[in-house]
Amino acid sequence: MKHLLGLNPLSAADITALLDRAETYVGVGVGDVPKRDDLKGKLIVTLFFEPSTRTKISFQLAARRLGGDVQDFSPGGSSTSKGETFIDTVRNIEAMGIDAVIVRHTSSGAPEMLTRHLQKHVSVINAGDGSHEHPTQGLLDILTIRQRKGTIAGLTVALVGDILHSRVARSNIHGLTKLGAKVIVCGPPTLVPPEVRQFGVEVADDLDDILPRCDVVNLLRVQFERQRSAFFPSVGEYAHLFGMNGGRMKRAKSDVLILAPGPINRGVEITPDVADGPNSAILAQVENGLAVRMAVLATTAGGGRG
Amino acid sequence: MKHLLGLNPLSAADITALLDRAETYVGVGVGDVPKRDDLKGKLIVTLFFEPSTRTKISFQLAARRLGGDVQDFSPGGSSTSKGETFIDTVRNIEAMGIDAVIVRHTSSGAPEMLTRHLQKHVSVINAGDGSHEHPTQGLLDILTIRQRKGTIAGLTVALVGDILHSRVARSNIHGLTKLGAKVIVCGPPTLVPPEVRQFGVEVADDLDDILPRCDVVNLLRVQFERQRSAFFPSVGEYAHLFGMNGGRMKRAKSDVLILAPGPINRGVEITPDVADGPNSAILAQVENGLAVRMAVLATTAGGGRG
Amino acid sequence: MKHLLGLNPLSAADITALLDRAETYVGVGVGDVPKRDDLKGKLIVTLFFEPSTRTKISFQLAARRLGGDVQDFSPGGSSTSKGETFIDTVRNIEAMGIDAVIVRHTSSGAPEMLTRHLQKHVSVINAGDGSHEHPTQGLLDILTIRQRKGTIAGLTVALVGDILHSRVARSNIHGLTKLGAKVIVCGPPTLVPPEVRQFGVEVADDLDDILPRCDVVNLLRVQFERQRSAFFPSVGEYAHLFGMNGGRMKRAKSDVLILAPGPINRGVEITPDVADGPNSAILAQVENGLAVRMAVLATTAGGGRG
């Protein structure tokens, strides 16, 4: 695997191989577990055109725990404000001698475009492009589910919230259905695009209706900072209809697994008692994020097995 | 010692142990003196909610000179602007596998609150919280005094300026009085809270009156960027009443030691001839800052002797 | 060589030595070519008072590929906004124990001023000061020319565009004329200062007139972000008169070498077909930038041969 642009282009075997490899990286470089050298001598570049400290640092730590060298090129009012094109920026970075570029961009397809303009040996890893895909988030969600439930095939997984704008939802849908899960997308009708049915998912607009059937509920973040028009009447109504809270937990399966890609809005998509309760795997997701990103970097830029 | 939240909770023996350890780190990693490995394999995180390039870098260099890995998580319009709580932010950082977090926050008590929410193995180091404490600044001031004067006990030390808002003043007061110095706080009455007398310090509002008795004068920075209301009539009047200048140096002891935590406002709390003169230890403070922070990191996160 | 302040103070032998050393560093630390340890144990500081992600990172990668430790101190609304002077800032950085400072500043002469205020062992490297010099850009342009043309002496090199504000032009003029090239500066009369003739260059205002004689054309970037007053009527007219395009390429020598210091404005100083064509060495310039900066750092801060 040279690049990771999304989970849609991958086979079930590809995804399983990445998950298996990620399992071997859990905890590497933490506490007394030494780092590895899968990326020794490699220069890994982060290039984030949208702000996201957390995902960027997760990738950077992952690369360093595999012995890689990391350089951030994310623009902060620099060359991009000097009128240079996206491709020129990346070609210039490439000319400094890099092995992989981890890119986040507001435009869907930007990482794929890069693969057509860079030299053959440079790996491109999608860290989120527009509303297209966010494959490492999908992988870490799926890894967390697999750890807690033992398998993916046969599970019923609800994705709740803003499906329309969510690249996290898309990567989850592709990865989970390929591995044999039943996926239900559930949200306000304005935020659930009808086309999503083509991917073989069930569409619902009443969380209470589907909740008793779910093995996993993944609560997408309400992206207040992106919401330009009013897709739902109020935060209070959203929380009432689609937020996970103590009352809903009683109507769910007792071992329902609660995921949330964070940063969470407490009291909106999830109440504190649920976020901090025994069914929540929110912090395990963060830890798995590192393992998944190590697996992706080792597989693409490390010349690895995957 | 697991955490460093302030100098007030420490005993004189604790403080002396930190100072003694710091002495052994002066110059480590500089020039031909090799780095050490007290923090080998440890991930140290800086999390500054107030801007301070200099203190942050001092901590980062200190950690790296002890062989530690450093990652900055200071927000720059990222997740915190996405509505996440302080505790969620830190728990997420913790889930990436860290050994210590160095935190600066506008709220007094924020570091202490962290110790109650993080896992047991994570050390919390206060890099300045509200107007509460800035313990490493206190330690580096005291180390500089001890180097120049041989001891702390019996010295008369004036803290001059804005005592009310100054966490540097508080940490100096606690550390110096515990080690047996006499502390005089001196500033405009609006900027010297009467409660400060409870810590056993003398309160003055006329610098010229107390100056002849002082062995050390520590000139707190006028924090123009924090001054919301008019606590003193004008910069000129402040400099006239509380600024250290050549005239005042003549009325002070010939070996008076001049400290200033910087960045200094030349011509306000200190004139250039004094700042650059033989009694000034301003640059020694910076150098000692590294040694003190190495001692604190090694003692808390290094599983060290302290 | 202790400092690098510009190419004007250097002899032809100095420049040639730097270029020769740079040749040995091309590709070091890239792919399977291991890093070196010329800067092992050295702390190299970047201090950019003007934003320039690319040049800063080029220097940082260069230092790290020679085994140096790198710390960025570039202000981002920190201490400099707290009222501290430039010299105090640098003295404070110096007190943390550094070996070299790479400085970019809006004021011409700022790096030279630093050499008079820092301790003897600290090297100062000019990364661009006002409209004075940008010596490593000059060196990388010259290295690229030498690689492609075999020599500098006897070549005719045109510098096209805004000569008045360009430190890149000045460093090119000094370096190229010292090595025996004939330099023609060509631009709108408002942007070509008459004093430039003192350096032995030819002044032209008609690109088409001089183009057939040129072995190299170096297209200075139109700095839209600096242009405060209207030095030329419109972008369209500038491109028409001074932009390199396919039509002009036909009237140039068939092996004319096209350089541009970037980030380029496609369609202004250069059209895409020329920028991406066989005569362009734009990406080679970026790669050579790393090699040149390694040579400069090793020669100044590495105690090296240069």
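Lettered A, B and C in written order, each chain numbered from 1.
We adopt the following convention: a residue touches a chain if its C-beta (ideal position, glycine included) is under 8 Å from a C-beta of that chain, and two chains touch if they have at least 3 such contacts.
Going by UniProt, the chains are A, B, C = Aspartate carbamoyltransferase.
None of the values given here were measured: they were computed from a predicted structure.
K.L.:
Go ahead and align chain B to its copy chain C using Cα positions, then give the rotation in degrees, nearest 5.
P.N.:
Fitting chain B to chain C on C-alpha atoms yields 120 degrees.
K.L.:
Taking shared residue numbers divided by all residue numbers at the interface, is the value for chain A and chain B over half (same) or under half (different)?
P.N.:
The interface is built from different residue numbers on each side, given that under half of them are used by both copies.
K.L.:
Could you work out how far the Cα centre of chain A sits from that of chain B, in whole Å?
P.N.:
About 40 Å, centre to centre.
K.L.:
Using the touch rule from the top of the page, what residues of chain B touch 2 or more other chains?
P.N.:
Not one residue of chain B touches more than one other chain, so the list is empty.
K.L.:
Can you check the complex and tell me which residues of chain B touch chain C?
P.N.:
Chain B reaches chain C through residues 27, 29-32, 34-35, 51-54, 57-58, 60-61, 64, 221, 223-225, 262-266, 283-284, 286-287, 289-290.
K.L.:
What residues on chain B touch chain A, complex-wise?
P.N.:
41, 43, 69, 71, 73, 75-79, 81-85, 88-89, 91-92, 94-97, 99, 121
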